[in-house]
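In the two assemblies presented below, chain A is common to both, partnered first by chain B and then by chain C.
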Partner chain A sequence: MHPRRGGTLRVELRAPTVSFDPREWKVGSTEFATDEKLGALVFDRLLMLDNYGRFQPQLATEWSHDAGFKKWQFTLREGVKFSDGSPLIAADVLAALEPLLPSGQQISAAGNGIIIQSSAGMPDLLEELASGRYFVYRVQPDGTLMGPGPFFVAGSLPGTGGAGDSANSTSDSSRTVAVRAAAKPAHLRFRANEETWSGRPFLDAIEVTLGAPPLEQLFDLQLSKADLVELSPELVRRAMQENLRVWTSSAATLYGLRFDQGEPLAAEEKLREAFSLSLDRQTMASVLLQKQAEPASALLPQWLSGYAFLFNMQTNLERARELRAALPTKAATSAEPLRLRVDAPGDLPKLLGERVAVNARQAAILVQVVNRGLLPTANSLSAPSSDPAAAVHLFAWHYSTLSPRLELDSFVNFFGLSGSNGGEISSIDPEQLYARERKLLEERRVLPLVTMPEYVGLGANVRDWMPARWGQWRLADVWLDVPESASAKPADPQNQGVPVAPPSAFPGVKP
Partner chain B sequence: MSFRTKLLLIVLLTIFASVSVVAYGVTHYTRAAFEDMDAQRTEALVAQFNKEFAQRGEEVAQQVRNIVNSDITLRMAMDLARPNVDQSLYVSDANGAAQDHNLDFVEFVNHEGTLVSSAQYRARVGYKNDWVLANKDWADAPAFLRKEELPDGVELALTVVRTLSGGNEKNLYIIGGRRLDQNFLASLVLPVGMRALLYRNLEQTFVASALTDVNGSVQQADRFQPLIEQIQKQPQSLVKTINWSADAAEAETFHEIPLMGRNHELLGVLLVGSSQRELVLLTRRIIKIAGAVAAAALFVGFLVSFWISARITKPVEDLAEGAREVASGRWDTRIDVHGSDEIGQLAKAFNEMTETLATQKERLVQTERVAAWRELARRLAHELRNPLFPMQITIENLQKAKQLDAKQFLEVFHESTATLKAELANLNSIVSRFSDFSKMPAPQFVRVNVNEALRNAVRLFEPQFNEVGKPTITPELFLTDPLPDIDADPDLLHRAFQNLVLNALDAMPAGGTLTLRTLERDGNIRIEVADTGKGLTQEECSRLFTPYYTTKLQGTGLGLAIVQSVVSDHRGTISVTSEEGRGTTFRIELPQRQVAGSVSSPEADTETKTSPQTLAAASD
Partner chain C sequence: MLTVSLQWTASKVLFMADSGNSSAPPRVEIVELPRPAFSVSNASSAGPHLTRELIWQQERPINSAVEWDDWSNQQQYLFLFSEGFLIRRRFENHIWTLVDSTEIPSSARRHRLGDGEFIRGDHPPTSLAFLLDGKICSTQPGERVSFTCRDTSIGGKVVTITSACGEKSQILSTGGGDYTQQDRITLAGTELIRPWLSEAEIRTGSVELPGPVLDDQTTEDGKSVTAVVRNLSTGIYEVYRITAVCGN
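Entry: the complex of A and B
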């Protein structure tokens, strides 16, 4: 079957907001996943990692480095144009990446290329640039961003239920589209970029609905009102039972506990250890989350670090009770329960928080679960400041880079854990990374609970859905298999499919 | 307090007491009626609660039966009865069942007592919930109260458990329930003035937020703490009243009914509140009406009783006035006689009494007057006979001397005329004494020291105390010094003292002791003159101050009369006590001299004060 050109892919997402400015994306947050997925429609990276682990050229056609990996030189692709038709030049790449690169890495333009250098070696720079926020864009005079990607934002359609649902409704690019929690879902429409360097995508357009509730997404997929939806873990089994297509990524999000170092109870090492030993991760993953998650003993997933299997966090209630009993009198006799604030949004983290409380109670540790305030702009990693203080926080960390070093650095820096490198480039050596992570885990300031993959429900007509296993969507490769009879109907031109030859510009990412 | 006032008060008090008793009686019976009605309403409300409870329980039981009878549950039961089953498949089923069957709580528990699925507390899945295993047969078990644990606290639930066999004697336990909260209370039909509250006894101590009424949270819930704590200690029905403010109308009586769980633990308390407003307002109205009636009755009663008491007490007052007049000496006083009742008879008897008294007095006065005249005549005869007899002898001698010679006749004549002159002088002296008594001078008051006056009087008789040839009389003076002065006429006082001393000397012909004593007593100056003579009889004492009465052979009977006259003129009193064989004591009480500005002239005060001990009145 040959791919067909045309049609509109209808995508529904849970996130109520989306940002099109990579500079604003919060690394590690669950919102990052949505931002990155939609950003990839509009922007492009210098290179990408294919499903076979090979780096494929994108905006950069060639790259080289010195012996110590301290200086990298990238040659830019000729003839790349932004969505407004203006050409991409080295200065655009320089302006786009400079604010995104970590401190210690300097970027400069060199002819038709750029140079990234650092005093320390950067052996994982390609992994870094092939993921995360490292998109190339141009800031327009009105502050909006545009990119050379396969699509451009054709408009946003705010929910009909309330005025001002959309923060921005510019025609060809935007920075942030936000939907208030109480409002009806807003819609974003992406049109195929005819002038894109990689060749026009198969789809004519992509219509994205933001803020769609999980169950509604499932219903829409069943009723063919949507072609691609995010599935929440508790609906995956149901979707499978109903013979819907479900795609599962590698572990994409880590759910864990973080002890607030400012809280006196959290400073009790034995309490943290007792707390850790009381956690039954296996039951959380296999029963409570219906095997849609994996128990996590490490901060970085196995697919990213390669050594996660070396960590083992066992449940030991007996030891936990002993430690609890051995606590200083003040901490042991405190009538106040330990406050656990669920910083991550959604029902799943709340359920995990409640399970943690139930587990902890088995070790005679009283835990009171407090939910975060529901603010549209709230970040999944930190609750609004108006929320009450808590000794323990349940967080969700979305893996956003392909570099384990960078991921661990981001994690450590974000939570202010010991071993923070202050932005300096740390070693990429796996042994050193392992030792560093082990030390972090032994401090028990952070306790991993489970890792959760991303689940995507696909309509029957979606073809060539071949995202990266770590979660990057590649919607430019997707085409819709519309029946001949439907394609003949002129009344629905957006969903028409026209057979075309596959683009040949990116052999690495095409089927 | 006058008889009329007493009578008036008695009548008014009687009226007030009567109204009060009636008001109290009405209030008491009204309160009792209200309390009866309140108890009936509470009983009805509790019955309604129990009925609603049973009905809700039956609804829950029906929904749980529906879950049991569903294919999904049957498949689950059969699946869970197999070995090594993946229980995570059913984690969300309870949630669906709760939504489908409109239940707040649904849980599935396998044959081992492990929680397979929970709609209300999914995080507990995998943990034991083995209390359901305690009962093998839940088939007909009615709904019961249960403390339902939730992630964010504890709730009170109306719970039903049913079992479904999955084969191999492995049961699946289905637990369904509904929250027992204010929505349940909303289904109760409450009479006006009543309210129902539900306390969910889910914590060890009182929790204000656990108390709810039909609108949710209860204001001033802390006020219920003592009530709840009492029933927590002893779970049995109680009746308590809460005064929400100082106003009694704001008070509310609460009937507390404990709601027990399966294991007889206290899980909730139904509080049926009944406002006391109606009762208090009615009581106040009754009291107000009673007050108004009492005021009106008292006013009318006052007028009527005043009139009645005036009619009753007027004759009594007339009697009292008549008695006072009799006491003041008007023995012929008469009062008006009204009617023939007891008071009239009393008035008539009073008149008869005064009439008798007047007659008796007149008769006594006449008798006294005759006696006085007789005494005077006897005294005059006696006094006059003494000089007349020598004169008669002298004249007879003179007549006989006519036969004698001239010389002898002349000698007799001279002797006779001398004797006649002497006797005539004697007669003249007698007449002068009587004349002097009748012409006692009015006292001229000056400041007088009584001690000094007594000493002067005694000094005159000093020669007689140790007169040669006569028995010795020993004067003894016990004079209080200093002694306040008195206002008196010194000459009259001296004369009185002189008479008393002389009288004492005459009473001691065989000698003895003359005792004079002065002392201050109750604002008066007391003077005592006592002898140690033979004493006087009672009858002699009673007549001692009568003029011309004397017990002596040579007395005129005027001495003590003069003394009494002087004492009376000085607003004093005189009394005598005597004991036969031991002597007589005269006691004079004279008022002290008044300080300047408050002195009232003795002349101005014409009333003669006579002490009760005085045996002879000055006027007599």
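Entry: the complex of A and C
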């Protein structure tokens, strides 16, 4: 079956806001996933990682490095245009990536290319640039961002009617679109970029509804009012029972606990160990989360580090009680309960928090669960020191890079764990990375609980859905199996071919 | 105890050896390599059956391919549509050597794989024909590659080949899945109206392919089909020659 051109893909997302400015994206936050997915429609990266583990050219056509991986040179693709038709030049790439690159990495333009260098080796630079925030964009005079990607933002509409409309912020459609939770969903419309370097996408347009409640998304998929929806974990089983197409990513989000070192109780090493030994991750994943999550014994998932399976977080209530008995009598009792604040948004983290409290009680540790107040502008990751009254925080960390070193660095830096761990690491050596993560886990200042994949519900007419298993959707390759009459009429072709050289060497062999 | 394992990440393969016991943390040795590509193959069936032969592969997408024997100059060509280029290769010293190519005008490239699909031309063939953006175009295989186009309404994916098993042409058809699914090419009989085929007939009268058939074209002598397949295990684009043979 050959792809057809045309049609509008209707997408519904839970997130009430989306940012089109990679400089604003919060690495590790659950909002990052939405920002990146919609950003990928508008922007492109220098390269991508395909599903077979190979780096493929995007805006860069070639790259090379010195022996120590300290200096990388990228040749930019010629003829790339932004959505307004203006050409992409090396200065654009420089201006876009400079504010995004980690400290210590310098970028400079060199002819039709760029150079990235650092005093430390960067053997994982390709993984870094093929993921995360590393999109190429251009800031326009009015502050909005423009990209060379397969689509461009054609317009945004706030929810119509309803009391909350005045709170909608859609004045800057190329940068940030937000809708207040009380308001009706906002809509974003993306149109195919006819001039994109990678070839026009099959779809004519993508219509995105923001702030769509999970159950409403499921109903809309069933009623063919939506083609692609985010499925909440609690609705996955129901969707499968109703024979809907469900796609599952690799582990995308880690739920875990973080001890606040400013709190005297959290500083008690034995209490942390007892707490850790009381946790029953298997039951959390299989019963509480109905097998839609996996128990987590590591901070980085197996698909990213390759060594996560070596870690094993056992439940040992007997040992937990022994450790608890050795602590001061009042600690973590009704007189002085251990406060656990659920920082991650949504109902699922609250459930997890309550289960953690139940587990801890079995080891004679009394935990008082407090939920975070609903802050309209709050990010899913709150700053580590934002609530000194809670000794333990339940967090959600969204994996956002293909470099395990960078992911662990981001995690450690965000949660302020570097003090006892030797600061930022520069080595990509997997043995050193493993040793570093093992040390972090042995300190028990953070405790992984479960990892959750992303679930996507797909309409029956959605074809060539070929996302990366780590969550990149690649909607430019998707097409809709709609009647020919609904497709757009093709443009007139030119009648004459002109002999030219091929774009580059085509590797191939005759076996 | 020493445990040795092979682990895949998104971009690497890790060869790991860990030794440890309950009282000590494991000692881990890790060797990391870029992820290699792996391929799978399937055996063909017995009886009147099809054979397949890999003749070309490349990482860059192939939209359509066709083999062409040019009797006027005794040359064997392989034409490919790939990423917006019409490419001509000549078989020399057991290698398909690049001869030349021509770029498809961007206005005629309708989607991400580029465009262009070879079709059967006149019989006996005097030129190589292909569809491009709803028009029928042709090129002279023995000359420097270029093409001209005219309007047409040709479409469809069923192809025919001649077979040593009988006088009538055999009809071959692909499956109806999209690019995320494996495909097969099936002998669908000799009548143009596609007959109903039992599962057993499909199993014995078809060849399985390691990914979706992106394109299949009858060669100019009508004896085999050139099929472009994207191997779903490796991501490599492969070109197969499918031939109808008799007996074993």
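Note that the second predicted complex is superposed on the first by the 451 of 511 C-alpha atoms of A that agree within 3 Å, B and C clash if a C-alpha of one lies under 4 Å from a C-alpha of the other, contacts with A are read in each partner's own complex, and residues count from 1 in each chain.
By our rule, contacts are C-beta pairs under 8 Å (C-beta built on N, C-alpha and C of every residue); 3 or more make two chains touch, one makes a residue touch a chain.
None of the values given here were measured: they were computed from a predicted structure.
Trainee: Just chain B (first), just chain C (second), both, or neither: which does A:A239 touch?
Mentor: Neither chain B nor chain C is touched by A:A239.
Trainee: Quick check for you: in the superposed arrangement, does A:W465 touch first (chain B), second (chain C), both or neither?
Mentor: The second partner, chain C, only.
Trainee: Touch check for A:L310: first (chain B), second (chain C), both, or neither?
Mentor: second
Trainee: Please determine whether it is chain B or chain C that touches the greater number of chain A residues.
Mentor: Of chain B and chain C, more residues of chain A lie in contact with C.
Trainee: Give one of first, second, both or neither to describe whether A:R355 is in contact with chain B, with chain C, with both, or with none.
Mentor: first
Trainee: Regarding the shared-chain residue A:P430, is it in contact with chain B (first), chain C (second), both, or neither?
Mentor: second
Trainee: When the two structures are overlaid on chain A, which partner does A:V287 contact: first (chain B), second (chain C), both, or neither?
Mentor: Touch partner of A:V287: chain B, not chain C.
Trainee: If we overlay the two complexes on their shared chain A, which of chain B and chain C does A:P3 touch? Say first, second, both or neither.
Mentor: Only chain C; A:P3 stays clear of chain B.
Trainee: Per the contact definition in the header, classify A:P404: touching chain B only (first), chain C only (second), both, or neither.
Mentor: It touches chain C, and chain B stays clear.
Trainee: Where on chain A do chain B and chain C both make contact?
Mentor: No residue sits in both footprints.
Trainee: For chain A, which residues count as touching chain B in their complex?
Mentor: 234, 237, 280, 283, 286-288, 290-291, 351-352, 354-355, 357-358, 369
Trainee: Taking the complex as given, what residues does chain A use to touch chain C?
Mentor: 1-3, 5, 49-55, 126-127, 150, 195, 198-202, 302-307, 309-310, 402, 404, 430-431, 434, 438, 463-466, 468-470, 476-477, 479, 481, 490-503, 506-511
Trainee: Taking the touch rule as given, give the residues of chain C at its contact with chain A in the complex, in rising order.
Mentor: Within the complex, chain C contacts chain A at residues 7-14, 16, 18, 25-26, 28-30, 32, 34-37, 54-60, 82-87, 91, 94-96, 98, 100-114, 132-135, 139, 144-149, 157, 176-180, 234-235.
Trainee: Can you check the complex and tell me which residues of chain B touch chain A?
Mentor: The contact residues of chain B facing chain A are 86-89, 91-92, 121-127, 151-152.
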